[in-house]
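I'd like to ask you about the structure that follows.
Residue numbering begins at 1 within each chain, and the chains themselves are lettered A, B, C and D in the order written.
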Amino acid sequence: MAETGPDQATFAPDEMMTVTAARGLRNGQVCFVGIGLPSEAANLARLSHAPDVVLIYESGTIGTRPEILPLSIGDGELAEMADLVVSVPEVFSYWLQGGRIDVGFLSAAQIDRYGNLNSTVIGSYDHPDVRLPGAGGAPEIASSAGEVIVMLRQNSRSFVESVDFVTSVGFGRDGEGRIGNVGAGPSVVITDLGVLRPDAVSHELTLVAIHPGVSVDDAVTATGWDLLVSDPLDVTEPPTSAELATLRDLQARTREAHARREASAIDH
Amino acid sequence: MAETGPDQATFAPDEMMTVTAARGLRNGQVCFVGIGLPSEAANLARLSHAPDVVLIYESGTIGTRPEILPLSIGDGELAEMADLVVSVPEVFSYWLQGGRIDVGFLSAAQIDRYGNLNSTVIGSYDHPDVRLPGAGGAPEIASSAGEVIVMLRQNSRSFVESVDFVTSVGFGRDGEGRIGNVGAGPSVVITDLGVLRPDAVSHELTLVAIHPGVSVDDAVTATGWDLLVSDPLDVTEPPTSAELATLRDLQARTREAHARREASAIDH
Amino acid sequence: MAEIVSLADAVGDLVPDGATVAMEGFTHLIPFAAGHEMIRQQKKDLTLARMTPDVIYDQLIGMGCARGLIFSWGGNPGVGSLHRFRDAVEHGHPRAIELEEHSHAGMATRYAAGASGLPFGVLRGYAGSDLLAHTSVARITCPFTGEELAAVPALRPDVTVIHAQQADRKGNVGMWGISGVQREAVLAARSSIVTVEEVVDELTATGPNHVMLPTWTVTAVAPVPGGSHPSYSMGFTTRDNAFYTEWDGISRDRDTFSAWMREFVVDTSDHAAYLDKISNHANG
Amino acid sequence: MAEIVSLADAVGDLVPDGATVAMEGFTHLIPFAAGHEMIRQQKKDLTLARMTPDVIYDQLIGMGCARGLIFSWGGNPGVGSLHRFRDAVEHGHPRAIELEEHSHAGMATRYAAGASGLPFGVLRGYAGSDLLAHTSVARITCPFTGEELAAVPALRPDVTVIHAQQADRKGNVGMWGISGVQREAVLAARSSIVTVEEVVDELTATGPNHVMLPTWTVTAVAPVPGGSHPSYSMGFTTRDNAFYTEWDGISRDRDTFSAWMREFVVDTSDHAAYLDKISNHANG
């Protein structure tokens, strides 16, 4: 937590991460969104500086404007508030692979220095220690979106020297692996500690900003490889009171609505 | 023309052809229909012995029940009376190529003894004497429909020793050309003179029936190759008065409706 | 985001000479007004793509606007031949045109591949057809079963032009009824023009098979009431079948054709003037 | 033509032991009642296909019905892990299952290829992913551009099971809202079962993205009101998010899971009895 001024409440690291990710979206961009942190960040952007951002969920809901955050990728809210709803084959063929997505948001269990993402297994594929959910839409988002924004919490379990499985390619295990993919790959990785960007030449992720109250040492310690740190290093602008208010309002509205619906789900 | 009994009017050769083709459809079959003679025959079947025949037009209108005959493949009537309307890519992929069509109806400018159809050019492709409209949906109907019913008027210009261009394959120029096609190919060719079926072994079209009032000689003369004639040769049952009444009623309704619409097209 | 502009500006800005232009609409919703505007602006050397060339391309070909034609069925639906198309192919009048000819399934697959961002599409087609030897089709082998199928190259027009019932003020496009290959043709193209019957505050779905193109998938929207005549726009106009029949006579002769085009298209200022003339002619 | 039958009869007749079964529904319209009926009938050695296994396959896997799983994302949406799926993969309990794992795009392409009657589908995918080495994907070269793409084999289930809002008395099926890959999964399958909220005289389109499956594309229709619980049927029920959260606790422990399955599924006579029990439990 960090105290950021008289008008601003203290904020949690996750709030700083979400606000930073939201700022990364420009108005009018077309954005392929996953559930959880990415969905929160994308909707925060839409409710603040980017009202005309176009949100697409892999359930086929295109141009959707949910009033509350969806709990699943296929919540009815997403369909009801969408410009159009298409089939899942179509959302991946005509819309994602068709080159219509400016920004894809991804998260993962593990990331390596070249932005490769693992959401498949911890351990070996055939005898995993932990079986994770798997790929979902991520490999083709990583392949076809114009650029990819990665959001995940930074610690020694998630930021690893070598991912156990490349589910979705960043720049490949050697930093040169984007052959066969048309998008530019990860442009930024936003964590609860700071912001990393791939080096223009080597593609290695480099810490370019830390969040207020975070030390470089915190970020280096949370990273399982020898982290490159940009010099000079930026410090992220703390969330404004407007950003925080909008985010917390969205979260509160979401909690209320889901509680109300849960109460009524059985009686319907 | 032939007199067929006290209850029946005389009938035209085209009426005999249409009635014969209609009889070839069984109730409940799924039928891919082209405009003109095939559309007339398929709708006659639907309005007489096959009320549950499913008619699909390449404009994407599936399960349509037009009250009048469409003038074009994309008349509004076809969409309004359809169970569902899909895009043209879909009608060819999920419905025709998907193996859901029992019977395809085709016509052409030329046919040869192996049921190969030409609707592309008379003369050479690069310097044609007559440029015909071309393939349309026919090649893939010929390829993917369970069986194909061919309807065309029989004369020495249409029934030729060798088609100038194989637009849609029957059994190939040598009678052995269905490799790469999953449907069974032409099961019957219905003309204004009689009915031809491919020999089970050689696939050569064989005259199996002549219409009332037509002689074998008429059929042989109208055919540009040495026509095989089945022995014994059937004579087609003449149209019943019910069949004729239904067909003529459909035609009259169609003429009236099109005249009415033409009068109103400009003022809309 | 689509801009709402005049048809003259849309055609002027987005249809350069030499472009590959797809004008789609499967019998329904054919963008005739846009074709006429290309004729008025004397567009040249166009490669015209369209599954069913119909009267719209007969007119553009007869006026010498086309260098090439990518198509699958070139007739006058329900009537017979397209005489200007035939004259160009059979006699090179007013100029020879290069044909790239497919089946409907092949054309649909090509547009769908374009919309999908793939370089080619696959279908079970062309086997045994002489088309194989005359067009852009390759054989491709299934890596799992060994079956041989047809591959066709993606079709990516420089500009796709369609007609639709509605747009809203943001440029979102709504249409219904038979939708042909229009959505794929727009999504496959580098830019697009949509002429519409009306611009409304909110799109309304009033018929079967409602289709929506978000504003950010469209380049320009031009309001052109009656813009599909002699084709039709379900819910707004009916197909002018009499015109299609008359066209056979008009287009059969080169001079009659030229005189008609001059009077009804070249010498009319815009589509409203064309519709006036057509209407006076029909009632006169 | 689809027959309108009971769910018990549909599952009894169309789901033999050892079958490849696809049960689709993308968060929305998941056919839970049909899954429960397979558990009641003690189906064995099923190969279960589904993009998002969800709780429905966690239950079937945990009850030992599955020999294999064809999938692309195996989590509890919005909650976390599927513990029975993990227990099977990590510890072979109650039996080891064979995984055939894809991306969503790959699975969608496989179903679409099946629906299209093609032996394979093409996508730009898997490049650089370790999935390539662990699943049924081949590289294929574009014959026109030389680009290397991914080919995936068509997926043709023995039977596809979906839940929809409506059927009419002839067996035509109507649904709306998020429709996922259900249409493709039905059209790709050798037979199909559709459970529906209601059987009506005329289908009514009451929501976005109305989808219709003609009766002759469906094998059996079974009326099962509430048949998607704890998923939802837009216009009829809402998603039981609390249940999805509770499932995490129920499914984490083998014995708790077994006891729950016995009480709520095995020992209930049908889906109405299951819903009664769930409702009493929630209100109790």
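One rule holds for everything that comes next: a residue touches a chain if its C-beta (ideal position, glycine included) is under 8 Å from a C-beta of that chain, and two chains touch if they have at least 3 such contacts.
Bear in mind the structure is a predicted one, so any value in this text is a computation, not a measurement.
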For subunit B, the least number of touch steps when starting out from subunit A: 2
Any chain in contact with subunit A as well as subunit C: D
Comparison of B-D and B-C by number of C-beta pairs in contact, larger one: B-C
Cα-centroid distance, subunit C relative to subunit D, in whole angstrom: 41
Chain centre separation in whole Å, for subunit D relative to subunit A (CA means): 28
Per-residue overlap in subunit D, given as positions that touch at least 2 other chains: 117-118, 123-124, 149, 183-184
For subunit B, residues contacting two or more additional chains: 84, 93, 97, 144, 182
Interchain pairs in contact, sorted by label: A-C, A-D, B-C, B-D, C-D
Subunit A partner contacts - residues on subunit D that touch it in the complex: 26-28, 51-52, 71-75, 77-78, 81-82, 85-86, 89-90, 101-105, 108-109, 111-112, 123-131, 134, 148-149, 177-181, 183-184, 207-209, 226, 230, 232, 234, 236-244, 278-279, 282-283
Subunit C residues within the subunit D interface of the complex: 117-124, 136, 138-140, 142-145, 147, 149, 151, 153
Touch list for subunit B against partner subunit C, complex: 35-36, 58-61, 71-76, 78-80, 82, 84-89, 92-93, 96-97, 116, 120, 125, 128-140, 142-144, 165-169, 172, 177-182, 258, 261-262, 264-268
Contacting residues of subunit C [partner subunit A, same complex]: 1, 115-118, 172, 184, 187, 212, 214, 216-217
Of subunit B, residues touching subunit D in the complex: 28, 30, 52, 54, 62-63, 83-84, 93-94, 97-100, 144, 182
